[in-house]
């Protein structure tokens, strides 16, 4: 086992390809650390992949496209672990919308309320 | 060539073959070649033009009636052949008196001249019309393709086609002039007059 | 509170408790403030990083588009073949005011890149550009991930600290104060009771001495006048003092 | 003087067999987007407008049933349209054009075969892989049907290669590659495919394809050999240059690999072959590559674009040059080059459309005009030619 944890990616083809090129991809005999979500990918698959990544102890960060995160928001809401960290990232078709990001909501509330 | 034929009935070669052919035969071959080659030229041209025209009209149907003119140009070469054939056919006259042998004072030079003349007139029309037909065909094919892309090119290429078509006219003009001098003698020459 | 026996001993104990609670409150308050400052910093940093992240993301995705224009559709090939993670994250720990914050650091194994010859026939340079852009984006994201984890952890820590501060301020200290007050009151009461008792005892004692002296006087002199004198020495007003 | 003639006919008899089909493909040339169309599309604010603009072009049918236009959907629809057109032409073609057209599809077949083999090896669902294949490079129906029946494991994979893929038209290229590599590696088919990178296998196959295609075109002779031969030579050179340039920074550029592996990828045809390619073998840095290319005037200018380091990349320069030579193929009649040119130019157009829609989608207005339009009056070579006139 190498040192360091993996970065898992759940996203559309562009996002996943990009990160794979950056070198996060890891394929072992029975599992991968990424999931390409296409239009015909079932929601259940996404949920399973997310739960799987979040339970693996070699995963440090889970990157997930925001529009996909919105689809499995019900799962994300119940997610309370600190590690792996779930990070919502923009995708090509869906520019980043801070309004939908749970963390950004908190940040804005705090900064807005604090000022 | 070990055994050279020495009999008087032996064929002495192409020269003898050609000189022994009847001038009527030559004249009629002239008509046949003139018409036949012209029609071959026309058909060839129409094929070249037609296939391109049909193909190009799939995507640009507007060219279909305009470019029929190319087909008509090709057709014209056949018509030249037909005209020439009719002119030549009218010039073949059989002798007034029917006999097994031509009389001694028959105008043999004129007779042969007419035969060879009409043969070559027919051949020149036929060959020029093949060339003309093919060249009109190629130009017409390009015309159809060009017109399909840009309608303004049609007239320009049509001029090229007209020049190609003119090649056939050269042939028919020369052919007519050539055949003008050809008169089949119909009676024996008047001796002493 | 009633279970606390109001003794001097206990008073001392509770005074100590109060002092401890107050200093604890002060410290926690300080910690809460420190956390709050940090928390604000993180919040600001997250807001900033998320802002730059979205521009990074745009350039990263656009480089992908450029590469696709130059190299054709190569995306499906990226996920093929064996892959070994070249970029991993190391988890360190940062300490802010006693709160342990997880920190991710980008960590490259230095292994060879997968599918190195992508775009060999054309567009290879653009593919390299995609690798670079996405690596930048990724490092940005990893930074953000640290910030975000810290943010959540700090948030949690702050909640706990604030709860403690509030608990000390609003529950524990008043409770101790109440106990102290009660002990004070009870002790005062006891004191006053003692005083009365003492006075009574004193009065009784004096009565006894007077009676004794009366008896001796009676016995020695047996004089009625002397009896009057004795009552005169007892001032009526003096007596009132002892009457409750 | 006689016009050069091959088995497919010359000026006077080409049309007898191929006149209709050539006219058809030239008629389809109308369907390329015009400068004005590009102008309108690049002005669009969102993809809805793009769709609206496209419905006035030849892509009307392709975009008609799309509710939301996305670049990838547009690409798929446009490729589908191209494939329909190509299939139509293919069904009308007679020999030797039919074989020529098949040669065009082999390039895509190579791509597909690689995808299938590599995908099957990493245990992907084969039906999913089939969906990703380029439709132009689809195999025969019977082959396609039999591919999913193989099990996605090592044995099934070997069976797949030995019983099905060998019989496909690109099978011989594959056999050649395997023979060449197994001499070097001494391994089995499976090992070779597992160990060699997909792009390198693909490059080798493409090299064999170019060589084979060139040979066929030479055999056809005439105008086709002249025009199509040149297109293929240029293609071969482009590949050689790109392989060299893109190998920098990868193991292929290591001195030992340069002569053994990289040299093998250079096609044995082209203007650069053989003196140029043998020089390219020893090239290790960009500077050296530039020095070699400066000996070849036609590539010196393209290299100049790269060396200048402007925001135009060498790929753009190659595309520009390709589009120019492909357009020029349309300038001559009665040869087969137009069919190849049509497919390649359409591909360029699809690339352009994807580029434009992506730019609009990602709000990159500054970049939107960085594409190479097809049959544009503003193309640099046309513009400079008309200025000179």
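In order of appearance the chains are A, B, C and D, and numbering begins at 1 in each one.
Rule of thumb we're sticking to: contacts are C-beta pairs under 8 Å (C-beta built on N, C-alpha and C of every residue); 3 or more make two chains touch, one makes a residue touch a chain.
Bear in mind the structure is a predicted one, so any value in this text is a computation, not a measurement.
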By number of C-beta pairs in contact, which chain pair leads?
A-C
I'd like the Å distance between the centres of chain B and chain C, where a centre is the mean of that chain's Cα atoms.
116
Any idea how many Å lie between the Cα centroids of chain A and chain C?
34
Centroid distance [mean C-alpha coordinates] between chain D and chain C, Å
68
Averaging only over C-alpha atoms, locate the centres of chain A and chain B and give their separation in whole Å.
84
At least two other chains touched by the same residue of chain D: list those residues.
122, 358, 362-363
Multi-chain contact sites of chain A, meaning residues that touch two or more partners:
27, 92, 95
By the touch rule stated above, which residues of chain B touch at least two different other chains?
none
Can the chain contact pattern be summarised as a line, a ring, a star, a complete graph, or none of these (other)?
other
Between which chains is there touch?
A-C, A-D, B-D, C-D
Show me the residue ranges of chain D that touch chain B in the complex, using the header's touch definition.
11-12, 15-16, 19-24, 26-31, 333
Can you name the residues of chain D that touch chain A in the complex?
70, 122, 358, 361-363
Which bits of chain B are touching chain D when the two form their complex?
44, 47-48, 50-60, 134, 137-138, 141-142, 144-145, 148-149
Along chain D, where are the residues that touch chain C in the complex?
115, 118-119, 122, 124, 132, 197-200, 202-203, 206, 238-239, 242-243, 245-247, 249-252, 265, 313-316, 318, 351, 354-355, 358-359, 362-364, 367, 371
So, in the complex, the side of chain C touching chain D is made of residues 58, 61-62, 65-66, 68-71, 76-77, 80-82, 112, 115-126, 128
